[in-house]
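Pasting the structures in now, so scroll down.
Each of the next two complexes has subunit A plus one other chain: subunit B in the first, subunit C in the second.
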Partner chain A sequence: MREEFYKTLSSPIWWGALVIAAIMPFVLSSYYVHILTLALVYVALASSWNIVGGMAGQISLAHSLFIGIGSMFSAALLLKLGINMWLGLVISAVISGILGAVIAWIDFRFQLGHLSFVLITLAFAEMGSIVVEGWDFLGGASGLLLPKDTGNFLAFQFGGGHGAFWMMLGLAAICVLVNVAILNSPLGYYLRTIRDNEKAAQAIGVNILRYKITAMVISAMLASVVGTAYVRYLTFADPYLLISPVITIEIVLFATVGGLGRAYGPALGALLLVPLGEILRGKLGSTLPGLHYFIYGIVVISVILVTPRGLLPLFERLWARWRGPAVASKP
Partner chain B sequence: MLEIDNLVAGYGGVPVLRDVNAKIAAGEIVGLLGANNAGKTTLINALSGMVKPISGRILFLGEDISKLTPQARVELGIVQVPEGRLVFPEMSIRENLLLGGINAHARKHRPQQMEKVIGLFPRLGERLTQSAGSLSGGEQQMLAIGRGLMAEAKLLMLDEPSLGLSPLFVQYIFEIIDRLHADGLTILLVEQNLNLTLRHARRCYVLERGQVAVEGDADTVKNDPRTRSAYLGL
Partner chain C sequence: MTELYQALAQGLLIGATYGLLALGMGLVYGVSGVVNFSHGDFISLGMFMCLALYSAFAMDPYVSIIITVPLMTAIGALVYIFLIRPMVGHQFLMVVQLTLGLSLVLQNGILMVFGGEPARTPSFVESKLIILGDVVLRVPHIVAFVVSFALAIGLYIMLRSTDFGRSIRAVHQNAHAAALMGINVGRVQVLTFALGIGILALAAALLLPGTPIQPTQGLRYTVITLLVVVLGGMTNFVGIMLGGLIIGIAEAFGTIYLDGPIGLLLPYIIFVAIMLFLPKGLTWSSAR
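After this line comes the complex of A and B, so read on.
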């Protein structure tokens, strides 16, 4: 099972794609670099969510909480207590991991069904946003403004534009690699048994509590780290963006459109939909306000109607059909 | 091998089983009969740990296991083949079988165990890379039993293996059960199909409204008028 992962690590396609992505800032204008950076943020977030939502089949809406802790809390630690953001990143990730474990435990202990799990996690997310908006330490409703990014790496600064892009590229690559690693490890198989049928998973002796907690902790910590990196890039810690349940809905949308539970599915969804949304807004936002949302919505609905399991399985089918006759015609 | 002592169990504190006593000796094939709602599945779930007992004890090889988690019981060799088969549809047959042997105890012997299972079900061996969801109901039942065997079961508990199968497949599955029994495996067979079970199980328990109504060897149970009444719910 593990060979798959090492195959990916040594794959020239993987590294080639990374290198091509890495030279993008030299080719594209800063506007498009910004869009790509945003897309990478969502690649990382959707991939980290995929561990719980896709592989284990647990539609968690609590991820805004982890992103919020990673961003708002680490920003508050820096501004209010002068704690280095690298340390803030670690502290936030640990807190997110613990919270994730608690949520997974509650799910197991009270044997929540799918819908109850969704609602409980949404309740956690709402509580989180209320706490942030009402607590001045975390910036309250007005948010927090981080010091200017001067490129001081030791202070978790990456020098704006290009630096932020590369940092996000690395983070997104790590999140996708974690997906590949988990899917090809026993953990990935156990999570899929839990998703397919919890009762059957128990019948073969899968320790459901342990693996639900493991998945949630990994997912929550990754989301938190991405949150810290995202707020550094934004410079402004906006509670209405970073700890609003809307951000989770976007993540779920990207992952679903790309291909739930697949290693590259969520990444594909985010890479296509984030630029689409941004470019539509840029081109149409001024002519007829709201039209870009309309077109975006139609695209999303059509994708889900045409290929309910996501774009990745669709592309794979098309690829197989295109390859099929070519292979057959070989002498 | 297994001893059930005054077991009371149910869901949310409401007992379904009341004071159930039963015994299974090593190498035995025991039938557990009863109409719908008699508590058969609750009992099998209590044995595998998916339902927590309210009171009473379950002894396996002399040890009280009633507080153990389901996975700890699989490790001991108490393996359930759940009702309705419940294979993992998107995974291949090979993956389904390998996943049957994930407990620490069985993991070491997976290749040998796999060969045995394929020997028992050659049809599965021919389709190892096919996804489990594409199998027919009978083949899925074979896969579910094969997956249970991969766990190196000492006590194999089959929950309604004949459910929804064609008569030919039912006959085949029961031949397999007889073979496993002949190889020395201890089997608890939960069934609604009275005559079929009485033909294969040496001893039977008949549950009625959560209690043991009749117990004894197959002939005794067959001729006891209470068996019929337990089935008809009179």
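After this line comes the complex of A and C, so read on.
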């Protein structure tokens, strides 16, 4: 953790943005609060994915597993075994972390290239969704319905609406802060070295296995925790949403649109695309189902073609040009 | 014993079509290093085109390939020229994201046009069965098997002994040297991609009779294709056909012998095992 991180922590802009975000529920109607809550879910998920996918450059498509464990498994623990959801959250996060470590170890042990890593993680994700859909303990194909959210904090309930928004805001802020912290710590430098040239990283003595596992475990545990919070907000644990590889693909695309490997990139992508998609779905979803995903796809393709490194670097370049050439841009 | 024969026969028949699906992807990967994650959605597109032609003109899927194959080939060429070619020079990983985005567009474009209800496209062979001893075979599967193998052999001959085939192989082995020999590498890449998508239109018609289709199925076909391609060593022609048969048989054994989810998992488990322990796939002879 270097100065950058403390500078962020003590930055008035950060806290100002957070406070403004926090009073949103008093200003907006419940429909827009719902949309913002969803956007924050994806901010948190895309930021947690970014640690592996952006910083270490490993396109993991296995994150639906961690989200699925965090949501379906903790819901099943509550409904089938009566285990408190706070405890369920911890258990799921630990399982996700272990699974993440195993995947990172497999990647290291078998020297998978980038492509093989994508494929293996996709295969794992497909297996995960098949297992959940076929296993009654996890709700099978019909999913699980959580008890009504009465606002009992000790039972991991936040009273829906506003409460859920603030909880998601907190989680999203933590995920983004973890990104900032890692990017400015030695771990962040090691991860970027591994991304840019794994052989060279190894040659100068970077312990690749250790840092890959560290990154994957942090990323997996964050995704799992967000999954638990998400399913509590949704109340219905839907396997076709929560453990389908499609959710990972969405996250990957949000992060790519915003800017891979940047602390705020994935957050930017999710904050732009989720409200866009949700509003389109609200307006046209009944007449044209699938339209919002269609638009996501078009936006993603255009962004990749126009500015392959994402929107954040593009905005920074425009900002620098507007401010004049004297301003040095951050690396 | 009957079950064993039944599983083997069913697996072989379906596996040949899986091999055909994968050949297109393998060719494209070999020539331009692109792995197309919207592959399965193009299969979907082919199937829904057949469905549209059936609902409009009552056209049998086997007949509608006259229209779908040229159409899909053209779409493939356009997609490559306008979307994928600008990315090929860039990072390989951006192509992954781009084709994932394309997959969302295709899948939900289909959903917007056809709706989300599972649909079937009847064919005149749909319900016909052939009974050999104790083994029951569905005629569409037999047609798919025969046509897939005929096409695979045709492709093989094309690659071996036509100028276009030789230029594909040349670009695959060394694009730089091929360019120096006067081969238009860009053109070969476009044509190969278009050919790969065109084959999918055929494969879609072969898989269609008796299979319920829905817009969200694309990803599963992409994964099956990837399994086969990787199993076959990415670019090895014979390896890919063999990989298709193995995945087909694994699937048939899984659904016949093992109950519930474990049966469906079998192809993936085999895939992960092969990926880890035989990372080059089944290419025992690396003559290249």
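One rule holds for everything that comes next: the second predicted complex is superposed on the first by the 311 of 331 C-alpha atoms of A that agree within 3 Å, B and C clash if a C-alpha of one lies under 4 Å from a C-alpha of the other, contacts with A are read in each partner's own complex, and residues count from 1 in each chain.
Quick note on the criterion: a contact is a pair of C-beta atoms (placed from the backbone, for glycine too) under 8 Å apart; a residue touches a chain by one contact, two chains touch by 3 or more.
This is a predicted model, so every value here is computed, not measured.
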item: More subunit A residues in contact - subunit B or subunit C; value: C
item: Which superposed partner A:K80 touches (first subunit B, second subunit C, both, neither); value: neither
item: Touched partner set for A:K7, first subunit B, second subunit C, both or neither; value: neither
item: Touching partner for A:K283 - first (subunit B), second (subunit C), both, neither; value: neither
item: Partner chain(s) touched by A:R317 [first = subunit B, second = subunit C, both, neither]; value: neither
item: Contacts of A:N207 with subunit B and subunit C, given as first, second, both or neither; value: first
item: In the complex, subunit B residues that touch subunit A; value: 48-50, 69-71, 73-75, 79-82, 86-91, 95, 99-100, 102-103, 147-148, 151
item: Residue ranges of subunit C in contact with subunit A within the complex; value: 35, 83, 86-87, 90-94, 96-98, 100-109, 111-112, 115-116, 215, 219-220, 223, 226-227, 230, 260-261, 264-265, 268-269, 271-272, 275-276, 279
item: Contact footprint of subunit C on subunit A as seen in their complex; value: 57, 59, 106, 110-112, 114-116, 118-120, 122-124, 126-127, 130-131, 133-135, 245-246, 249, 252-253, 256, 288-291, 293-294, 296-298, 300-301, 304-305, 308
item: Parts of subunit A lying in touch with subunit B, wherever the complex brings them together; value: 186, 189-190, 192-193, 196-197, 199-200, 202-207
